[in-house]
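Got a structure here, written out as structure tokens. Questions coming.
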Amino acid sequence: MKEFFNIYTDPVYSFTFVCIAFFFMIKYVDLVATKKFGIGLMIGTVVMFVLCFMDPVFSANFYMTNDNVPIIFLVLLLAWTTWFALYKGVNNDRRMAQGLPPIEATPENREKVWAWPNLVYTELFAIILGTVFLIGWAVFFKAPLEEPANPTWAPNPAKAPWYFLGLQEMLVYFDPWLAGVLLPGLIVVGLIAIPYIDVNPKGNGYYTFRERKFAIIVYLFCWLVLWNFLIIIGTVFRGPNWSFYGPFEVWDTHKVIAANNVNISEMLWINTLGVKLPSNILVREIAGILMTLAYLVLFPLFLTKKLFNFKGTFGAIFNGGFLGKRYLQRLGWARYSILIFLVLMTLTLPIKMYLRWLINLKYIVFMPEFEFNI
Amino acid sequence: MSKRTTLNRREFFSFLSVGWIAFAAAAGGMASLIFRFLYPNVVFEPAMDFVAGRPDDFDDGVDERWKNVYGVWVYKNEGKLVALSNICTHLGCVPTWLPAERKFKCPCHGSGYYANGINFEGPAPRPLERYKVNLDASGQIIVDKTKVFRYEKGEWTHPDSFIVV
Amino acid sequence: MKREPGMHYNTKTLNKVFAFVAVLFLIATLWMFLDDYIRPWKAIQVKALEIEQKVLAERIAEENKNINQEDLAAIKAKIDSAEKEIEGRKKEIQSIEKELSLLDKKIYAQNMTNGIHGSKSGEYQFQYEHYHMHHDKRADKYKALMIEAKKRFAEGKDDLKTYQLEQSQLNKKLKKITSKKSEFEKELSKLTGAKDRLIFAKSKTEKTPIWFLRNSPFIDYLDPTLKIEQIVLDNITDDRYFVQTKKVDRCITCHKFIDKEGYEDQENPYKTHPRVNELAVGRNSAHPMKKFGCTGCHGGEGHRVFDFSAPAHMPQNAEQEKEWKKKYHWHEPHKIPEPMLPLQYTEASCVKCHSGEERIGLSQKLNKGRKLLENYGCYGCHKADGWEHLKKPGPSLTKINSKVSLEFMKNWIWSPHTFNPNSRMPAFFGQSNNSKPEFMIKNIAEVNAMAEYIHEKSKTSNAFAKYEQGNAEKGKELIQTVGCIACHQIEGIDEPYNKVNSLKGPYLTGTGSKVDANWLVSWLIKPSHYQKDTVMPSFRLSKSEANDIATYLLGLKNPKFEGLKFEPLNKTVRDEILVGDYFSQFDPEKSARAKLNSMSDRERTLELGRLSIGKYGCYSCHTIEGFAEDRPPIGPEWNGIGSKFVHQFGFGQQHHIPHRRDAWMYAHLENPRRWDIGVPKPFKDLNRMPNFYLNKEEIDAMTTALLGFNAQFIPMAGKKNHDAAGKLALEGMKVANKYNCYGCHKIDGMGGDIGAAYSDDLNAGPPWLVDQGHRVNPDWFQNFLQNISPIRPYLQVRMPSFDYLPGEVDKLITYFNASSGVSNYINKPKVVWEAGEKEAARKMWDGFACVSCHSIGFNNEEAQGPNLHKAASRLRPTWIKKWLKNPLAIQLYTPMPDFWEGGTKAAKEYDESLAGLLGDDPERQMNAMVKYVLSLGNVKTEMKKIESAAQAQKANTETAKKEDKTEDKK
Amino acid sequence: MAKDSFAQKVAKTQVWKSIFRHGPPDNARNRAAVIAGNVFLHLHPIKLKKSGVQLGYTWCMGGLTFFVFLALAVTGILLMFYYRPTAEYAYNDVIALREHVPLGIMRELHRWGAHAMVITVWLHMFRVFMTGSYKPPREFNWGVGVILLVLTLLLSFTGYLLPWDQLAIWAITVGSNMAKATPFAGHGGPGAMLAKIGDFVMVSDKNDVRFQLLGGRFVGEAALLRFYILHCVFIPVVVSVLIAVHFWRVRKDGGISAPL
């Protein structure tokens, strides 16, 4: 069983698995949004942690950097909040399907109440409970302190704080200027842009799923899979040399992982055409450059022409969704191009991951002369 | 009457624009003060360049005289002199020069490098780095460790990465 | 105009005011940036750039002269022709390049495949090992995979090697074609390389637009060329009282060329440091800049660069101060604990790290100053760490009656310089603060009383020898040649013997008017008879020699002084002093009087004498009966005076003296009593520091030495650290100083004062001691120092016999051994001849004509070299070899020929007849010679054998020569 | 007439009145007065929609974030009494907190609080998104919130260096190496190579953004001081200002979101 996990938690498999799970969660959202599922999910998560911590190897690896403690709370809270939000959203959807207002909009909930003591006391309780929680946490777990700083010797692995491990994990697939500067920058810009892109007037101030399906699916995918799952990979499944280690696998510094990645230019000129790499950089990287341009410029142009026709949930997204002409009309060029740019940039991550796993792709564009590698 | 108004407006516009332009420039200057303030004029960091002597002081092959002080091997061969970093590209240990076998061997995980710094055995992913070298007016070699030349980037042909002797 | 409702101000006016204040704001901002940007050191760096450019241009011109234009043209022509040749083979080259490019691709692709197989085999091996260890079935699968991958990796590697071989062959081919050209190019670079580098360096000094851009305001953080340079020192600290912080010296920001040769003639701050490669700053000097910085030695605030005054530059003199004020707006540094030492006192800093060393090799002025402090006996009154071992500077007065008369003593104490202008006994009386008649009367009473006291307490010493009239001329000759001049300057001495600037002993003049004749003879023969602890040695003078010298010395008279009659004691004054200054200090006048009345007249005189000796501190320098040896000296301690706060020095009313440490010391040494000038003081409180009548040079040197008593904290790591042997050596150095070994011998470059008298023929003077520890056998040395028997009897100057205290000889020997880095123990040299060595040595002995100089014990004719019979017991064999190899490197003046020219040439080069000896191997020849020299003194019979053999040989060779000649004639 | 209770007596004293200016909040008037008349409470509305006080709706994540921020400010200021940001002392001072400083558990509270704040602020954003509360008229406040979230991460990141242990220095090294790759502004990033004229290198390790962040070429003592200032003064001040804006906008945009 542990062997199974040790092998199949490799992002190659687990990322795919998580994506599939995400797909099913959306597809069977009504099933997910039941109390039984919620209770089962919470119990399952807790049991998973208990079982994991019973394994000495897992515990040892986890405590290598005992700054990981918050991850436990994060995972529990993620499970809870995701389920809870969906649960409330689906409930409201059902009510609205029956022609009722959402719970939050019922007249009794629209009633105005005194802030004192209703709100102030709620806050006071939250503060007190928060303090108690923090004290408990502080008493049970010492804050980590390692050896004194030594600039001449780096610990292996050298990990960033856990909340940045998603970014660090991205470094496996992208150069730092993308993973460390551009993409994080786009995350911030993209988040700020959300209210201006999302022109859907529905779902303002109450939980819902169906009324904001597209927005919620995109957001949840980014939040759960691309952000938090990568953090979990970075925390739990990455060991010395940033190699993959199963959750129950001993961190053996000498573990060798075959990593021989090839650039598109090499695939084109050496492997396919069988000639020397051209000395002109632009010629050498022509394939990668064209592919990048195609992805970022031609692809969206094609999309607005309704070249694709999907069915089912994806159909909902693709045909009637943002890829269609209808969306372009609704959003206007400016909003639409920002949206599509952000979405395409988001998708570069899974795309690059799968390219790496499937064809050992190192760089699409490789220009070390200018430190410009994609 | 209308003439006066336009004149007034122009006058009004120019004073206001002068005011705002000057104010913006000054405020920009104050802001750039913060920017400039954050770059100190003097930095307390170990010196990254040193004088290694004259090219004639070195025999062909690997010379270890600067290894302990500056972490640099001087390697002279076929009319070229280079400064090799003594940091293993695997995990940053310090390899040992074995004159009999004519190779660097890392004691930590057994990476091996030829005398010219190219890796040939063990886990090292890439050759040793080379530092910038050039000659000063008195013909002394200046090794500058701030500039690194890496083989896999094709930088070893850069004119600053070696001295012709 | 009409006012808008709700508006207090007119909008137009507001805009105008806004425009005005905004522009003001902008100007202020720009002003702030400029103020930050403009710094004095930048101007200096710009000027330095110009100077550098000029110097480089000069050097390029010089280099141009050195390059032979014809050679240059020839090489250029050669390169051209080689290029044409290459041009002719263009097709060949192109085809090779094509092949190479194909190979490049193959190698690239092969590297890729190899990488894949290599990394796979690595991974499979790890998996295999992992599963194998856990006895997992999958191990077999991975083993197979691993073997497969490894196989393919090995194959690929083989392929790669083939390609690489091909590549290198092709490259060789290509290189061959271009080899001629590259060879010529190399020649060219050899010829012009130096010039090219200079031109390159000069190009860096051009003020191009980019240069201006780099140094322009605001963006000068990117990569400026004008910048503050600094040295951070790990081992030398700034004292911040709560903590020691690393010293940071930024002096090189302005002193740009301080470490670069070639700027010696520039003016400051563009000058090269003096003795840059020997003393300091240079990378190979004793104190490289990066390790010792600047302010460790020079003092001052090295981290300040704001303007000229900021680092606390200090002028050397009033003139420079004036110049600086004009040129740099210099002002006295304020609130700075350690301003820079004026340049002339820099050597004071040496002591900070070289504490405990009596003589510091590179500090000439400091050594001189300390020697002066020692010779003037300053340490007698002023305690100082590291000076405790010295005996009291003045002669003992316990037997003074047998040396001088009471009358002489009184006159002498009153004014020593009247008798001997070079007296080192300082003047206490007749000074600027006690020349008033009412003070003079009291002083006279005191002098009378002191002399009476000393006279009373003195025991008589029996002069064991009787003076007999001798030959004064002979005496003078002896004085000049035997070695007296190493310590004494003596009146009437001839050139060049009067050139010796010796300071150890007193200047001898008017001796005949001073001392008792019998005392003098006894003193000359055996000084320790009169004073046990004297450093005056015995020169093993015969009675007649001693009398000759005494005759000369007694002939030196000072009739004027002899005629002086000292004013008699005024008893009322005496009583007045006793009561007023002493008895009534703690008692009421009445009981003081009673005390006086209870004393007899003689008792009163003696009491005043005793009290006055205590008051003036005579006991600090002289041993006087009735004063305990351990009575603390009279002056304040020197320790820490070099870093004493300036406000702790009393400047009295001397307002023209700058308030600086060094200025106070200088003024103090010039006239110690000056601080009383203009200050009304009672007699008993007058400043008592006596006047030494020092000249300016002496004061300068002594100030340097005094500033060296510095209490600044230097971490152990930054100091000169001596190992155990080194510490012993320092002790030995003290002994060598005490007995003034340096007066005669130049020891490892230090001392050798007497050399001034032998400048024509240093070989006739005392030998230099170079690497003495390595040279001599310690056992012999120990014996020699205690029982002198001359090695060079041909020398007139004598090695004197000192009365060493127990242990001092050991210290001396340890000093020499430690400074040579050799052990005290040596194996007794054993001579084991190899085949043919002995004969060869014999031949060389003759061929080199060793006996012609080392004649002692052979033919005893005009000896010029030391006695070689003593060599075996005296010298270390390794040293003999070193000496034979290159004697001039050891003693610059030696007449010993350089037979093997530094060990590079065989003996045949010196004399053809010595060809073929020991295979003409200089090394073996020298070894043989060493053995021969050692065998000379081993056994007397052996020696005789050799002698007789030598004679036989001589006869043989003579006959042979004759035969040769006759043959030639034929 | 009933006798005044002790509390009522107290509430009638001049001192009480001078401070609170109203009676105990047991009637409508005083309930309004207690909120409106208190500088700390007046950022609340006097009355709000019911959903605003329902934990099931708000999760109170924003409030918790603010509370943790205050707790961090208090513990942080206290820690500053014992901590010196120098390479010489920093590590020892942290050990001191662990070993002998009275209630050195303050450091645990501070550190775990920092992590908790990251989680609560993330979940706050999640909740706001899921209820669509970023929609008009709250677009601007959402933007402020995103910036506050980034600043929270930066606060946590800058604080990470201060214990001056291996975890600290290498996490910051890994993190600050990202800045090195900033296009045209970091010496390891794209375009840096283009920014030079001859010898004049305009983007190098001694003048790029990373240098500005670290005050040196390595994570060294200068970086420690800079991060200390950023962590203790600079970012907290900015965050405080933005929090004020954030709260003010919550009120101005119609209070805690609810169905329109």
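The letters A, B, C and D name the chains in turn, as written, and every chain counts its residues from 1.
Following the convention adopted for this analysis, contacts are C-beta pairs under 8 Å (C-beta built on N, C-alpha and C of every residue); 3 or more make two chains touch, one makes a residue touch a chain.
Nothing here was measured: the structure is a model prediction, and the numbers come from that model.
Ranked by how close its mean Cα position lies to the mean of all protein Cα atoms, the top chain is B. Top contact pair of chains, counted by C-beta pairs, is A-D.
Centroids of subunit B and subunit D (each the mean of its C-alpha atoms) stand 38 Å apart.
Distance between chain centres (mean CA atoms), subunit B to subunit C: 41 Å. Here the spacing of subunit A and subunit D, counted between their Cα centres, is 24 Å.
Shared interface positions of subunit B, i.e. residues touching 2 or more other chains, are given as 39, 44, 123. Multi-chain contact residues of subunit A (touching two or more other chains): 154, 254, 256, 369. Looking at subunit D, residues 204, 206-207, 218, 220 sit in touch with two or more other chains.
Against subunit A, the residues of subunit C that register as touching in their complex are 101-102, 104-105, 108-109, 112, 115-116, 119-120, 122-123, 125-126, 130.
The residues of subunit B lying in touch with subunit A in their complex are 91-92, 109, 123, 153-154. Listed in rising order, the residues of subunit D touching subunit A in the complex are 25, 28, 31-32, 34-35, 41, 44-57, 59-60, 63-64, 67-68, 71, 87, 91, 94-95, 98, 105, 107-113, 115-116, 118-119, 123, 125-127, 129-136, 138-139, 142-143, 146-147, 149-150, 153, 156-157, 160, 163-171, 173-175, 177-183, 186, 188-194, 218-220, 257-260. Across the complex, subunit C meets subunit B through its residues 11-12, 15-16, 18-20, 22-23, 25-26, 28-30, 32-33, 56, 122, 186, 189, 193-194, 197-198, 200-202, 218, 221, 227-228, 230, 232, 248, 250, 283, 290. Across the complex, subunit C is touched by residues 8, 11-12, 15-16, 18-23, 25-26, 29-30, 32-33, 36, 39, 41-42, 44, 47, 51, 79, 123, 135-139, 164 of subunit B.
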